[in-house]
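Starting off with a structure, shown below.
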Amino acid sequence: MSAGTLEHSAADRREVAAAGLRGARRRRRTRRTGVLAVLVALALSLSGAALVIGDFPLSPGQVLGALLGADDPSARFVVVELRAPRLLLGALVGVAFGLAGALFQSVLRNPLASPDIIGISQGASAGAVAALLLGGLSGAAVSLSALAGGAFVGLLLYAVAWRGGMTGHRFVLSGIGVAYVCAAVVGYLLTRSEVDQAQVALRWMAGGLAQAEWGLVQVLALALALLVPLVALVARRLDLLLLGDDQAGSLGLRPEVVRAGVVALGVALACAATAAAGPVAFVAFVAAPVARRLLSDGGLALAESALVGVVLVVGADLVAQHLLPGDLSVPAGVVTGAVGGPYLIWLMATGRTAAR
Amino acid sequence: MTDETRLVAHGVHLAYDQRRVVHGVDLAVPAGQVTVIVGANGCGKSTLLRALGRILRPVEGRVELDGRDLHRMRPREVASVLGLLPQQPVAPEGISVGDLVGRGRHPHQGAFRRWSAADADAVARALALTDTQDLVGRRVEELSGGQRQRVWVAMMLAQDPRILLLDEPTTYLDIAHQVDVLDLLADLNQQRGTTVVMVLHDLNLAARYADHLVVMAAGRLVREGAPADVLDAECVREAFGLLARVVADPVTGCPMVVPEGARERRGATYSKVSLT
Amino acid sequence: MVGWASALLALLLLAVVASLALGAREIALGQVWAALVDPVAGDNDHLVVRDLRVPRTLVGLVGGAALGVAGALMQGVTRNPIADPGLLGINSGASLAVLGAISLLGVTSVVGYLWFAFAGAALAAVVVYGAASLGLEGVTPVKLALVGAAVTATSTSVITVVLLADTQALDDYRFWQVGSLANRPLDVLTAVAPFVVVGLVLALAAGRVLDALALGDDVARGLGQDVVRGRLLVVLAVVLLCGSAVSMVGPIAFVGLAVPHLARAVVGLDHRRIVAVSALLGPVLLLGADVAGRLVVRPGELEAGLVVALVGAPVLLLVVRRSQAVAA
């Protein structure tokens, strides 16, 4: 092509643009690295605290020794068999909820569209409570039942909301309707059981990490090892989908297919985490808005949301175990709700723009 | 340099749900030229553009790109040839201009390939062409309407398609910015041979910038051809139900439509302007 | 419109008759009529009708109307079709207050819960609205919904802590929280009736405000609507209606979610009509659920709060599926 006048006169403008782009990318990368570093540091220090703090007093040195295989059976037992699986479970659950919330909220374009609002958590709760109260089951059977409940709701929503395409509005509304049905089922089961059994169910529904053991951690880790790469794969397409269906379509995307895939991933992540730890309140809801606010560059902030999830769950479990007065032993989910709620209110009250 | 990529609609019928909007349109988009589609509100011109852009699948008939059915091609393949700017594009909240324009590179990136030097080059060129290089770090929502429209055009240019489809790219722009955007598109067409298809509301701008003018009414194509051949009083009456005189534009000699509204026919007089 | 109105009235009448005539004890329609107009002292059938079924029918009428209209107002003012008393934190505030009364003060009767529920609902509404109105942009629909969800999450957490620590409170609370029309003495009704009446009048008056707000704040201002005052009016009506309903029948959120959707499907987007139709449909849904709950597991019964979700959700899903709204 011959260099036309337009190209010619544009040469220096192009230089300015290239320089500006480089600068913007650099600034964004710096900010992103900074945010990631802070979140990782926070997650690591909370993890350290989770391994060190507890009824059985251990020094950081002893903890490290136990992890590296030093010969101290009691320290080894406490760290490797009790505290480490609990910490890892918390981290995995945090990642799963953080990602699930971020995926739902962006693909459905609705900040209310997190699994704890659109019925996935409630479906899982109904499944688990039915297993606990009707079947008298415990342990893995409850988790499986929860998984089935959540997955059932996911499929149902899909079937209902899909009508030659899925709109966020329709999906969220159907989800809330289903959530009420599940809540009604749970309410029924709670009122028809012995009160101490009801309390067990209630504890499960709050969501916590007390049931942690290596088997559970392994299963959840396996699930995430499958799902997280898929999330990474759809991430950039989801980025484009935020431009609207027409624009995304003209950039070479099949919007419906991408949307369906993202929703399926979100359901799978939320179900896996809920089955393992119960519906730890509000983590999925609040992780993405917080992460995006920290980054504030209009991106999806998936990795950051996952990290915020980790910080929330692990931190909340620390607080629940050790920082509450007396013998008030509460599940971590109570703390995430009690802390996450006011934090979100504070964000809203001080924010420049509403979090998406 | 002209581009020989052919975009053709064959007997295309288009519908939203059950409601048919476009009834059997045949249109061969002339390669390397500027085609402008005009017509009254609701005549189906935006709908036709969406079908040409693969967004809307025809219920009958088909759209062909180089002889292949557009709706059977892989989306990414289409997107590397054909870019579409919708009437009201949505920018994700908080996104910067550089990022937004960068999104246009999607069709050229593999599933795992990250940002490359070629991508950076294309984005820089697009920014320079649209004179938006100084806005790179700004947030899209902070921009004025004119700046924003140029940024969207920049995004399409970063996509580097050989055919540009634009749905009313001049909406919300003042007259100077309208001319700016259209000049930009005309330059692209002239110097890079890019095929441009756009829907415009303003008949005079349409006549001025179109090589090929397409007039639609009630879901059908009523006339097409060079503006000087197509645009006359009869055509305006047929497509818009408006009585008008068509005179020569004093600057370019293109046809210019001067409405004869009801007030004029009643004999209203104007203090400063005489009607001939 | 006239056709719809008479159909709705007929439906409501049918629900009332069913609520009076059907239940664990089989009573002939003639006896029901006699019990109403010419009661015989000592007649057990008459006693059941007058002392049990009439109160719960009245409670269902008033509670259903209040819940349906409150839902319509909330969806209108937040411009969000998924807003309802459950999501905006009102119910959870009421629940927390009732649980406090149970756990801290040892209150155990529905009449005793009344004012706590009311105060809790009002407080939650004030917190939600207040927090949402801080910040530069002022109240936006999205902020209202988010803050509501946050308040719900926080109160639910506190509720869980209390219930885990206090088995006795759990035992009382779990029955209150499912929501029911049974065993609500008429005192409850007479206590809240004035609030419901004022709330309904305000709601009808707010119809025009909501029509204006539906076009967006800027257009509403352009139409001469004082946006802030309009929203406050709506919120006040919501507090009165929700507070009354929750304190009567417990935190039944589903009616508030579903009824406005059904109403919109019937009468379109005119908010005065939506409010009016919601006021009729709410009791139909709530009474219908209550009657169904009495019949399915005779001689026991299912609480209306449970049945309403089980029966209403499929209807809601159908309406949503049919709706043309494509707000992606």
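Each chain carries a letter (A, B and C) given by its place in the written order, and its residues are counted from 1.
Please note the rule applied: a contact is a pair of C-beta atoms (placed from the backbone, for glycine too) under 8 Å apart; a residue touches a chain by one contact, two chains touch by 3 or more.
Here the structure is a predicted model, which means the values were calculated and not measured.
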item	value
Of all other chains, the one whose Cα centre sits farthest from chain B	C
More contacts between chains, A-B or A-C	A-C
Interchain centroid distance [CA atoms averaged], chain B/chain C, Å	51
Centroid distance [mean C-alpha coordinates] between chain C and chain A, Å	32
For chain A paired with chain B, centre-to-centre distance based on mean C-alpha positions, whole Å	42
Chain C residues counted as touching two or more neighbouring chains	none
Chain A: positions in contact with at least two other chains	244-245, 353
Of all residues in chain B, the ones touching two or more other chains	none
Sites on chain C touched by chain A in the complex	80-82, 84, 86-87, 131-132, 134-137, 140, 142-143, 145-147, 149-158, 160-161, 163-165, 167, 170-171, 174-175, 177-178, 253-254, 257-258, 261, 302-303, 305-310, 312-313, 316-317, 320-321, 323, 325-328
Residues of chain B that touch chain A when the two form their complex	1, 50, 53-55, 74-80, 82-86, 89-96, 98-99, 103-104, 106-107, 109, 111, 120-121, 123-125, 127-129, 131-134, 136-137, 139, 159, 165, 187-188, 190-192
Contact footprint of chain C on chain A as seen in their complex	109, 111-112, 116-117, 160-161, 163, 167-170, 172-174, 176-178, 180-181, 183-185, 187-188, 190-191, 195-196, 198-199, 202-203, 205-206, 244-245, 281-282, 285, 328, 330-331, 333-338, 340-342, 344-345, 348-355
Residue ranges of chain A touching chain B (in the complex, touch as defined)	1, 4-7, 10-11, 13-14, 16-18, 20-25, 27-28, 233, 236, 239-240, 242-247, 249-254, 292, 296-299, 353, 356
